[in-house]
Structure formats: C-alpha cells, structure tokens
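Note that the chains are named A, B and C in the order they appear, and that numbering of residues resets to 1 at the start of each chain.
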Amino acid sequence: MAMIEVTHLTRIFDVSKPWLNRVLERLPKALLTAVSDVSFKVEERTVYALVGESGSGKSTIGKMAVGLLSPSEGSVTINGIDLTRETDAAKMDKARSDIQMIFQDPYASLNPRWKVRDIINEPVTARGGSGVGLAEKLLEQVGLSALDADKFPHEFSGGQRQRICIARALASEPKLIVCDEPTSALDVSVQAQVLNLMTNLQEDLGLTYLFISHDLTVVQHISDKIGVLYLGRLVEEGTPDQLFDDPKHPYTQMLLAAAPKMDGFGREIDPPQGEIPDPINPPTGCAFHPRCPLATRQCSAERPVMRELRGARVACHEAT
Amino acid sequence: MTDLPQIPPQVRAKAPSRFTRAWDSDFAYQFRRSPVAIISFTVVLVLVLAAIFAPLIAPYDPFDPASLNLMNGFSKPMEPNAFTGDVFWLGTDDQGRDVFSTILYGLRISLFVGAAAVAFAMVLGITLGLLAGYVGGWVETIIMRVADVQLTFPAILVAMLIFGIAKGITPVEYRDQMAIWVLIVAIGLSDWVQFARVVRGATLVEKNKEYVQAARLIGRGSGAIMLRHILPNVLSPVLVIATISLALAIIAEATLSFLGVGAPPTQPSLGTLIRIGQGFLFSGEWWILLFPAATLLALALAVNLLGDWLRDALNPKLR
Amino acid sequence: MSDPVLSIRDLTVEIPTRGGLLRPVDQVSYDIAKGEILGVVGESGAGKSMAGNAVIGLLNRPAKITGGEIWLNGTRIDKLQGENMRRLRGKDIGMVFQDPLTSLNPLLTIGDQLTETMLQHLSITQTEARKRAIAALEEVGIPAASERLDSYPHEFSGGMRQRVVIALALCAEPSLIIADEPTTALDVSVQAQIIALLKRLCRDRGTAVMLITHDMGVIAETADRVAVMYAGRLAELGPVREVITAPEHPYTDGLMGSTPLASKGLKRLRQIPGSMPRLTAMPTGCAFHPRCPKAQDICRHDPRPRRDGGRAACHFPITHSAEETA
C-alpha cells in the first residue's frame, strides 16, 4: 500500500475583488486554479519529489497533503485513510499524527518567544503527552547539543534552526514528512549538511518524504521518484535517471537545458522563450503549448492525459 | 527513551544570572544610554511611589474632617499661617486642606483610574483584535466596523456619553462610590480601538508565518494558537501603545473631572483639584491651581516620553 | 592586460558596535578589466554584497570604509562625497539588484525613468532620449518597446521587469555594472534568459561586470574569473574554470564539493563541518581554520595567510596535477 496517494487533486482559489468592487466595476469572479487534476502515489520509505517553478502549485499540493488546505476536488489518502472523507475522529487523528511538515523559512517557522525545548515538544504536549527528555534526545539526533534546549530560536543560525524544525517534525514519530523547500533558504555548504541529515534520518527511522523544491540538482540527489509540475498540472513523472537522462516532456527538456551547470563554462545557450502564463487565464488544452516547440493544433484544443512511456509517465500528445 | 543525555551540573551553574542577562541586554543598554529615558523613568517612578505611599508621606489626611482647621484656609506656600502659625509647603485651599497632601491623594486616584482604564482597554482591545485578525470573515467585519464608527467620535465624547448613561442608571446613593469605576469603564471603552487595530494588524502578519502553520498541523486548536503562539508575538507594540495610552487616559480622566463629570470632590483626582483651583486663580490664590496642574503635567509628559523612547527601543528598524 | 576598469586594493569596511569593531569586509583586493565578468561568490555573511555596496558608496551607517582604495578608470572614488558620488553612481556604475520591483519607482512609467536617467547623465535632448529609451528596451528584448514605454513597472512580469532594470542600468553607458544576485528571485527558465542577456550586452559594449551571487552554476556559466569570499576575506581568486575544477583553497574545495552536482551518484553529499564564524567571534589567523581539514598550527596564529601571487589565501593550498586542471 502506498504511504500517500493523491488522486485527481484540484484546488481552486477565489482571488476575486471584494463583492462591492465587483458589483461596481462589473468584474467577473476571478478563480485561480493552483492545482489541476494531479494524481500520484508515494511508496513507503521512499522520497518523492515535486519540482516546478513558481506558480506550479507544488506548495499547494504539499499543504493539501498535510491537511492545512482542503482540496476543491479529488482526495488525499494517507495509509489507506482518506483525509477528505474520513469521519472517524480517532482514525483521522492517527493519520494526522503520521504526517509532519518542514517549512522553507527557518526564521518564520519557529516561534521566537518559545524556548527550543517547548517548540520541539509541542507535537507531543499538544496531544497531552509528556515531553520530558524528548527535546534533548531529538536535539542530539539532529546534530545539536542537548544544552540547546534552554535557548531561544534567535540564538541559532539558519541551518541550526532548520535542524530544530526537523527535530520538532520528528517529535510525534511520524511516518511521512512533507518538506516544502527545506534547503532553499540555506547556503550551499549548510544545505549539504541538512540534506545529509535528512537522508540519515530517512534510513534510520524508515521515513517517507514528499520533497517539494524548485532546485533540480537537489531533487536529483535526494529523490527516488520525481514529478514535474507546470501551472498546477503534473506533466511528467519518473525516476531521477529516467528524468535527467531521457526527459520526455518538452517542458522538462527546457527546464534541464536552462538550469545552470557547474561544468558549463562559457556555455552559450539558446534561452527558453516566454514566461509562465497567468494561472487565472491558463492556456486551453495543454498549458505548455504557447511555449512548446512541438505544439500542434491538438495541443491547444485538448488537454493531454498521463500515459506510460518507456517506464515513466508523461502528459504530452507529441512526446515519443 | 533510556539514552537521555545527562546535563553536567557545572555547565548549568555557569549560565549567567537573570540579572546579568537583563543588564547586558540591548534593551537595558539603550536605556542606560538615553538621558530622556532615565529622567522620565525616574519621574514616573517617584510619582508612582508617592501615590502608593501617600498615606505615609502626606503630612495631613485631607479627608479627615477632624484634622481640618478652617482657620488654616488660604495659607501661602512656605509661609506661616496668619492665624495659626502652621506652615504648609504648598499652601492650603479655602477649607484649610494641605495642597501637598491633596496632590498625593489626587495622584493616587489619577494613576489608579488611568492604569485601570488602560488595563481594561488593553484586555478588551487585545481580545477583539486577536479574534478579528485570526478568525477573519464576518467576525472581523463587525469588530472593525464598530471600531471605525467609534473612531469618528472624539474619545472624550464617548467617555462622557458612557459616563452620562451610567450616571443615569445608578441610584443616587451609590453615585459617588461608583463614580471611579464608571470613569474607568468609560475611559477604557473609549480607548480599546487602537489596541484592537494594532493587534489585528500584527495578528494578520503572524498568522501567516510558518510557525503558526506548524502549530495547526500539530493539531492545536484556534484558542491555543491565538493565546500561546500569536499573543506573545504581538505584545511589544501593545506595550508601547499602553504607555502612551496611560498618559492619554490620565489626561482624559483629568479632563472629565475638570468638566465636573469625573471623580467627585469627596475623592478628588488631579483633575478635580484643578477644577477647584481654577476658581481661585484670579483672586490671587494661585498655588491651589498651579501645584496640581504642574504635577499632572510632569506625570503625563514623563509617561509620554517614556512611551516614545520605548517605541524606538523596541523597533529595531529605527536604530 | 590594459588598465582595469575597477580596482579594489585592501578594501576594509568596519561597523563599530557595542560589542566591538566588526569587519564585514577585510582587506579585499580585486580588479575587473574592460569587458570582463568577475563572479563574486560566497555564502550569506561572507561580505560579498557589502563589498559591492562599498564600491557604489551605498553603505548604511554606521558601516564605513576604514581602509584600502577603490579606483574606477584611474580615478580614486572611495573618498568621494555627496553630489560627486551620486553622479558617478548613475553615470559610470550601473546597478542591478535582486528584486526588480523595488529597484524601479512604481509611480513613474518606465519611459520616464529611462529618459530621466539619460538626461541627467548624457547631454542629449528630450526627443533623443526617448528614441534611445525605445532602442534600449528593444535591445533588452522587450516586445513592442515603443508602446510599452508608457507602462508602469507593475504591468510587467518579473522577468520583463528585470530586463527593464538592466536597460536602466545600461542606458547611461556605464563602464561598470554591479549585479547583486540579479536572478535569485527568478525562475530557472527566466534566469537563463536574463543571464544570456547580461552576457551579450556586456560583451557587445565592453562593460565590466561584478556579478555577486551564491549560485555556483550561474558563476560557472557566466563569469570569466571568480573571487571566493569567506568571512569578509578573499579566500581564492582566479579564472573560473580553474577555481571550480581545481580549487586551491580548502574552503573553495569544500564549497564546490557540497553542491549536489559535484556529489553525483553519492548517497551522501560532501559537507564542510561547522558553520561560518560570526563577525563577533572571528578566529585568529585564517578564518577558516576551525573547519579546515588541512589546518596546522601556523593557520591558528596571526598573521593570517595572504594571497601572494597564488590563487588562494592559504598556507597549504591544494595542489593539482596538470590533467585535472585541463
């Protein structure tokens, strides 16, 4: 059974102006489709990465996966329990305590007025448990000192704060951790430390990660399977080798070509054309067709469905 | 959990004491470097202590009819009375009450009413501001529209309105006893809006921070998130407003009392004393007005300067 | 090599604080030649932006230059004040910042901002300035430039806005561009467009570029030479290919190694233990010695190592065989 399964997930935000302005200025309701019909599953003890540029809906999917946002359509199933439809409160609570999240900004994700001990213990104490000694143990597990439990967040650097966030996420002994850009605010050398820590913990504790990032190199390093998002849609999915050695979707190909390379000295590339379209008025058919070199009439009329191609999955009419 | 790390006791003992930490903090450092802060803090401290220990300091009890001697009326400051030869530092009023003592007792009432009114406004404003900011929707709309409407009236007018209504519905025999409490509620109700606005704004910022999302994820309820996570992080602007509000509340109380709708003559505040004193200004007994007025001025100014300094000290952007 | 456009000699920036004197930039020296792109890399707090700000005289008080010299086209500029500094900033040095929205005035059309800058620094007429503004926008790849001239910054997308900023930085024909993390806020596909644009324009005009970034990939593809900064000091300076493929300073080596690309196929990334020292607690001797695998006694004591002729400021630089560097 998959650890987490997401089916036909869709999320629409109402970004209309206030009612009175709409009436006076005769504006229609503005709806932003942040996530549109996304389906994937993450096997237990694996790392699944969602990668995409801004506006691709990757963070929205992450929030729906942990239950911070509710889906407009579709469902999220954790260990066989459907978060959107389950009515049994006990089962629901169990499913929720199995999921934790690590956020992007290590400065905003720790309450500045709380001691580190209270921050780390909160997932346990909030459920009425006793956190005695827990924070100290977890701090050592993430490579900090047990003495740090009495300090406040402002006494730590960005990388150390992210370790504290990881310790908090581990406190309720979750099975799945959703990591929303956990290293994009960190420097390269600190990023390496945090990524290694996350890999160690995954192996030691048998964790499953849903890893959200815009950084292709990080994703290639850490994940077992990668889903590429464009404008709220999943366009391609495959293992790192399948994706990086044999990208099938024209968008994935464009993304890989555009990413800076460490050995690309003086590389002159033909930069990709255009920018990401406005998600309030997405293109018809395939969302990528206005920028796509392969686009045909079918692409502007009909949205491609996910299909198998050489072991990977791709949503493109033309990919071969 | 058997492998708990042991914390060696000697490491714990080495931690600096609470006092050294406070003394070394940036906040204390800023305070020590600002003459304005030191002076105004000293003035406030002296006045507050004088108010608290008024019964011990005051040479006379101005509310004990037995100690009053009408012959002592209109004594000039520092001069022996023409009839009794008693010397009063700041003179006496028409009934022979020692002005210094009445000021001390008046200060007590003024400070108490001011502080209690601000506390009341703070509790009300913080609660409503947190609710408006965190819950949003129609709760926010109702609270903030009420606040907007109230802001269109001058605060003193609102206070007078509430005072008037309260006076109308309390029985005559309780009126003087109730006056102080009515005053507190009236000033507090006229002052909650700015607390609510600031707290709502700060709450809107804080509630989108990731630590709040983390708390929601853990399964914390809205109440716990508001009280334990957001409240501690919105308090520093509240502290600044509270200080400046205190000065305003003391002046509002004085204004109301001056207009005759505040503290009754049996429990005179500084405002009441000024009202009484202004009747004698043109007949030459200037001290009855001047000394209470100067005390009020010193108090309001010192509290205000302290609030201004606090705002700068707590705002890292201004440094 | 002809005379450099920009020459920084032992530049030191200090911030007096209650806890003592902080030195966010400490005796940094580098040159940028005409048409050259110098990449300045380092992690946050390494002082790379502070050094750039010192060059354009945009240090926030109480930070100030306390030592060294800055020369631009043969003129010493670190002592310039007020009006002279302002003229220099727009005319001889162009700036591109990380966030294109805050570097444009939201209340003026981009046409107004371009013509205003040109009229201030070049002796041309209003109509001529407008013509040149359209040409500048076309050059940075903005479609229908003559119509977009009267648009406001918020009417452009992020990538287009950064193009406008570049047009603005180049319109007074400066000899040096300081680009501080110009693509950090942009998506990968847009970043590639902006980098390609910056490279093309500077090559065509012979403009010198100081490219400040933390992204090694961007540096590798864009820069000719690279300066690696650590804790306010210059750790290594050299041609980009050599510094990246055969780093001499142990810090550069660790930094390159900790990027996921360099550890391809490994289950663990190479990592540098510890973190950069805070400015308030700078180690004696070489600032990197507490984290350095090669540190010896001499590294722990003053005077600290200097770059004398070599690439790295290190007592024990890593040596590479000839084929590694090739």
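Please note the rule applied: contacts are C-beta pairs under 8 Å (C-beta built on N, C-alpha and C of every residue); 3 or more make two chains touch, one makes a residue touch a chain.
Every value quoted in this text rests on a predicted model; they were computed, and no experiment measured them.
Chemist: Note down the smallest number of touching-chain steps it takes to go from chain B to chain C.
Modeler: Counted as steps through touching chains, the separation is 2.
Chemist: Sort out for me whether A-B or A-C is joined by the greater number of C-beta contact pairs.
Modeler: The comparison resolves to A-C.
Chemist: For chain B versus chain C, what separation do you get between their C-alpha means, in angstrom?
Modeler: 53
Chemist: Using the average of all C-alpha atoms in each chain as its centre, how far is it in Å between chain A and chain C?
Modeler: 32
Chemist: Between chain A and chain B, what is the gap in Å from one C-alpha centre to the other?
Modeler: Spacing between the chain centres: roughly 50 Å.
Chemist: Going by the contact rule at the top, pick out the chain A residues touching chain B in the complex.
Modeler: Answer in residue numbers: 66-68, 93, 96-97, 99-101, 103-105, 108-114, 122-123, 126-127, 133-134, 136-137, 140, 146-147, 150, 165, 168, 172.
Chemist: Using the touch rule from the top, collect the residues of chain A that touch chain C in their complex.
Modeler: 53-54, 157-160, 187-193, 195-196, 199, 214, 216-218, 220-222, 254-255, 257-269, 271-272, 275-276
Chemist: So in the complex, which bits of chain C are touching chain A?
Modeler: Chain C reaches chain A through residues 43-44, 157-160, 187-193, 195-196, 199, 214-218, 220-221, 240-241, 244-245, 254-256, 258-264, 267-272, 275.
Chemist: If we count contacts the way the header does, which residues on chain B are in touch with chain A in the complex?
Modeler: Listed in rising order, the residues of chain B that touch chain A are 1, 3-5, 7, 11, 15, 209-211, 213-220, 224, 229, 232-233.
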